[in-house]
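The same chain A turns up in both complexes below, where it pairs with chain B and then with chain C.
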Partner chain A sequence: MSVLTILISLLFYASGLILIIGVANRIRIYWRTPSPLVIPTTPAPLTRTGVAARLFGEVVFFQSLFRGNKWTWILGWLFHFGMLLVLLRHLRYFTDPIWWWVDLIQWVGVYAGFAMVAGLAGLLVRRLVVERIRYISAPSDHLMLLLLLGIGLSGLMMKHLVHTDIVSVKQFTMGLITFDWQPLPADPLLIIHLLMVATLMIIFPFSKLLHAPGVFFSPTRNMRDTPREQRNLADWAAKLDETRHSGAGE
Partner chain B sequence: MTTHRTTAFLLSGSLFLGLALTANALSGPKIPQARGEKCVEPVEMMRRNHMEFLKHKRDATMRWGIRTEKHSLVGCIECHAAKGEDGKYIPVNDPDQACRSCHDYTAVTMDCFSCHATVPKEGAAPAGSKGDS
Partner chain C sequence: MAATQFQTPRIREYPTIPVLVRGAMAHSQPFVAKPDHQEPLGFPGELVDNWKEVALKRMGELLGKYRSLQVFLDICVKCGSCTDKCHYFQGTADPKNMPVARQDLLRKVYRRYFTLAGKYFPKLVGAVDLTEEVLWDWYKYYHQCSQCRRCSVYCPYGIDTAEITMAGREILASVGIGQKYSNEIIGKVYKIGNNLGLPRPALLDTLEGLEEEVEEETGVKVRFPLDVKGAEVLLVTPSADFFAEPHVDGLIGYGKVFHQAGISWTLSSHASEAGNFGLFIGNYENMQKVAMRVREAALDLGVKRIVVGECGHAWRVAYSFWNTLIGPFDFLDPAYPVPQHICEFTHDLLLKGMIKLDPSENDDKVVTFHDSCNVARASRMGDMPGGQFVIPRELIKASCNHFVDMAPETINDQTFCCGGGGGVLTDDLIEIRVKGALPRMEALKQVVEQDGVTHMAAICAICKSQFTKVLPYFDLGMDMIVSVHQLISEAIVLEGSEQEEAPSTSDTQS
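Right, the complex of A and B next:
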């Protein structure tokens, strides 16, 4: 067992733990944060089914972004859905025997890799070229795009230019998830790819990438437009109410 | 108290690390032993690039009419096709055979055998044979 295998294995256990615990903790915080005011962006749905439909539109079609800016929308959508398909394609490294539908979408994932990188490249150009956007961009905004771009490009290069031994790679990943470590092929592109993925996993719970769980907790999107039908009374306000009523009764 | 916890943490950690290091039963695809002395390229090279060799070979032969013996698919099959208990060759794209087992393991499709034969010609000698690609 090489030092490289041991280091990368330990790194992935650590980054996996940080990702899972970190995101769970963030979701717990989002869940507990009170949102005492009814502030859905109107026109807003009146029913829970309507809210589900609205969130579906947000998550799957990026509805707000579509209404806001078509360029950002098309680039962002290309990137996100390219990445989704690429991630699903990667399930072949984590399932044995491979699920039938993962087998079925392999070819789609190959093209999706290009869509993902094209979208990311476009978003980076936007950040650099559009004056207004460059002005409000923090270093982390650029670095996040560069990191994802690096992951995508190193992956594409392994697929199309400098191949790695994917049977050994799968033995390595299966070894990781079954706690039976297997050697990792020492191909530079593969190591770079894995290091960047681990970095992404580690920074996920501390970065803007949290918009993934966050969108579901967005009050302007997940609330019903029912301020007249229902009184939305926060606990602390209810106490004030009681004292005032008792005061008026005297 | 804190020292105890640290010790326990380190102990369990090193135990876990030790377990992970000693376990080395290689899971994954198992393919039949090939015949012939050695492959046309080093094993490490073949694992990564056999598809490129075959595709290059296909283009060179089919489109440019260049026929050579190295990297010939016929050559692959002569060594890698296994014989069943009945003494007959098993197609290399059968489950758990040389080509299919790894391709199934990683969900990679092969389209070689919609045209090419999956068993050697009867009487073909494995090593150093004259494959007519």
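Right, the complex of A and C next:
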């Protein structure tokens, strides 16, 4: 077994752990932190089903972004849904035998790769060209897009230009998840692709990529508009509550 | 008090996104609170020596207390959707008035001290040290936000800059630099009972004057009772209603509605203020303390219902927070929502046929409606989402024949703040107030020119005061702005004698 295989394998275990533990930790913090006041952006749903529908609209259709900026919406949507399909397509490297529906979407996944890269490129251009967005961007905002672009482009190149040994790649990935390490083909494009993916996984819990789990915790989107019907006492506020009636009137 | 010279922004023919002018409003900051204004609220009198330590500690506490703050500071992706949505940005072109940039003032410090990336790679992620310059940047730009929530409508994650502004102000007050305007007013509520500092005798006097005025005008004895025990309804209204135009015409309208419906009601001198500036300074404890006076008054007077007068942020606190802050209201009549907005109240009576409106009384007017930001985006009326847009419009249409809405992207939940909300309504901030009014003024001008609109109705004391002040800057008459209940006051058909339903005389001691 080559040193390369060992290093990349270890890297993926490490970045996988960082991703899972890091995100779980963040979610735990979001979960634990109370929302002491009822603050949905109104008009807001009155029922839990309504809230679920609102979140569905945000996560699947980016509906608030749609109202805010059509360019960012179309580019962002291309990128995210392109990426989703690409990720689903990648399940073929982790399932044996390949799940039937993963097989079924292979052809879409190929186009989705282009959509993803086109969306990302558009977002990057926007970030560089539109003065307001350039103003609010830190180096990390640009680098994040470049990293994703790099992942997308290296993937597309392996698919369409310099074919990589897919069979060995699959043996490697299956080996990773079954803890039965298999040699990784020493293909530079593949190595770059994998290194960038691992980087992204490591960065995830420490960056704005937290928007993915975070959106479900956004009080302006996930609260019901029922403050007159229900009190919404946080634990720390309940302590104030116990002492508050000492004044006049009671 | 036009201390600073500035240019009123030009009405743009086609509103476009301004080109950034860095530092355009870097000179704008409100007067700093004196120790007298700070201490009654539990804040240090002046900037403490170890302010940096105190500020970071406070930030840490707030992060643990408010999920909004913790999540919002983490998850902004800098997509830019909010950047052009703030009226203060549109009116000033200062990039720090873009909502995300306003958040970033705090976020950069959060990153530096509370995140791994900011601790080790500050340059990479745009994290900065908390310096005195940063602190004063907070002071300046967190007082150029009216907590109107327009930005949150367009954010893919619902990030509400108002939450960040409140946290920023709370941290500032905690290290000793509070805002004089808000903190002085909260002090007045604690001492006297209302924002304007009107003591009971002055209130009584005003209310008696109103009774005379209405009787002279209509021949009907409409009561304006104060501190009447056993009344059915406690009306809590912004104190501006007691004295300034056009607010007071709204109060007259409420009185006529109660009179005509035959429902006994009272004001309270203990809770003679609906506004709650505790919201503006982002401080839960003060907000609760201000609100508590309403509970106390309701218990003391033994009323069965609480109705809130026309006010925006006040209605947000009342509708969204009272139950949590000062509830439960199990001592009130469960048949009615607590609290109930005066527009809900009047609308209900109208539907039941208990009052009649004659819209021809307002035939001299063509009216449009300004959705107040905090009613629109932080509360509700009626039993369906969006009732806050429908009910006031229904009332206006029932009381006048000519109603026109402004451009769709400037009303309902996309409404623009008047420019004076959230603790900005003070003369030392007049420049930002005028500039921030630009988008609303543009929309108004459009309907004035196209549809001959003569009046703009509003349901917020801040909106009314702000427009009275800024309309002339845009060559519009200051008396264009009216209360919704002022229109009702004109249109309501008052019948019969006056005595039948009056519960008791107005000067009962409580």
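In the analysis below, the second predicted complex is superposed on the first by the 245 of 250 C-alpha atoms of A that agree within 3 Å, B and C clash if a C-alpha of one lies under 4 Å from a C-alpha of the other, contacts with A are read in each partner's own complex, and residues count from 1 in each chain.
One rule holds for everything that comes next: a contact is a pair of C-beta atoms (placed from the backbone, for glycine too) under 8 Å apart; a residue touches a chain by one contact, two chains touch by 3 or more.
It should be emphasised that the depicted structure is a prediction, and the values quoted were computed from it without experimental measurement.
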| item | value |
| --- | --- |
| Chain C versus chain B on the shared chain A, clash or fit after superposition | fit |
| Chain B versus chain C as contact partner of A:K170, first or second or both or neither | first |
| First, second, both or neither for A:A52, with chain B first and chain C second | neither |
| Between chain B and chain C, more extensive residue contact with chain A | C |
| Touching partner for A:A238 - first (chain B), second (chain C), both, neither | neither |
| Contacts of A:R92 with chain B and chain C, given as first, second, both or neither | first |
| Touching partner for A:I20 - first (chain B), second (chain C), both, neither | neither |
| Chain B and chain C, minimum CA distance [Å, superposed model] | 25 |
| Contact residues of chain A, present in both the chain B and the chain C interface | none |
| Complex contacts: residues of chain A adjacent to chain B | 1, 6, 9, 92-93, 96-98, 102-103, 106-107, 163-168, 170-171, 174-175, 178-182, 187 |
| Contacting residues of chain C [partner chain A, same complex] | 17, 19-20, 63-68, 70-72, 74-85, 95, 98, 100-101, 104, 115-117, 121, 123-126, 149, 152-160, 163, 284-285, 288, 292, 295-297, 299-300, 319-321, 323-324, 326-328, 337-339, 376-380, 384-386, 388-389, 413-414 |
| Touching residues (chain side chain A, partner chain C) in the complex | 26, 29-30, 33-39, 41-46, 58, 62, 64-65, 67-69, 72, 76, 126-127, 130-133, 135-141, 143, 206-208, 210-211, 214-215, 217-221, 225, 227-234, 236-237, 240, 244, 247-250 |
| Footprint of chain A on chain B - complex, ascending | 16-17, 19-21, 23-29, 44, 47-49, 51-52, 102, 104-109 |
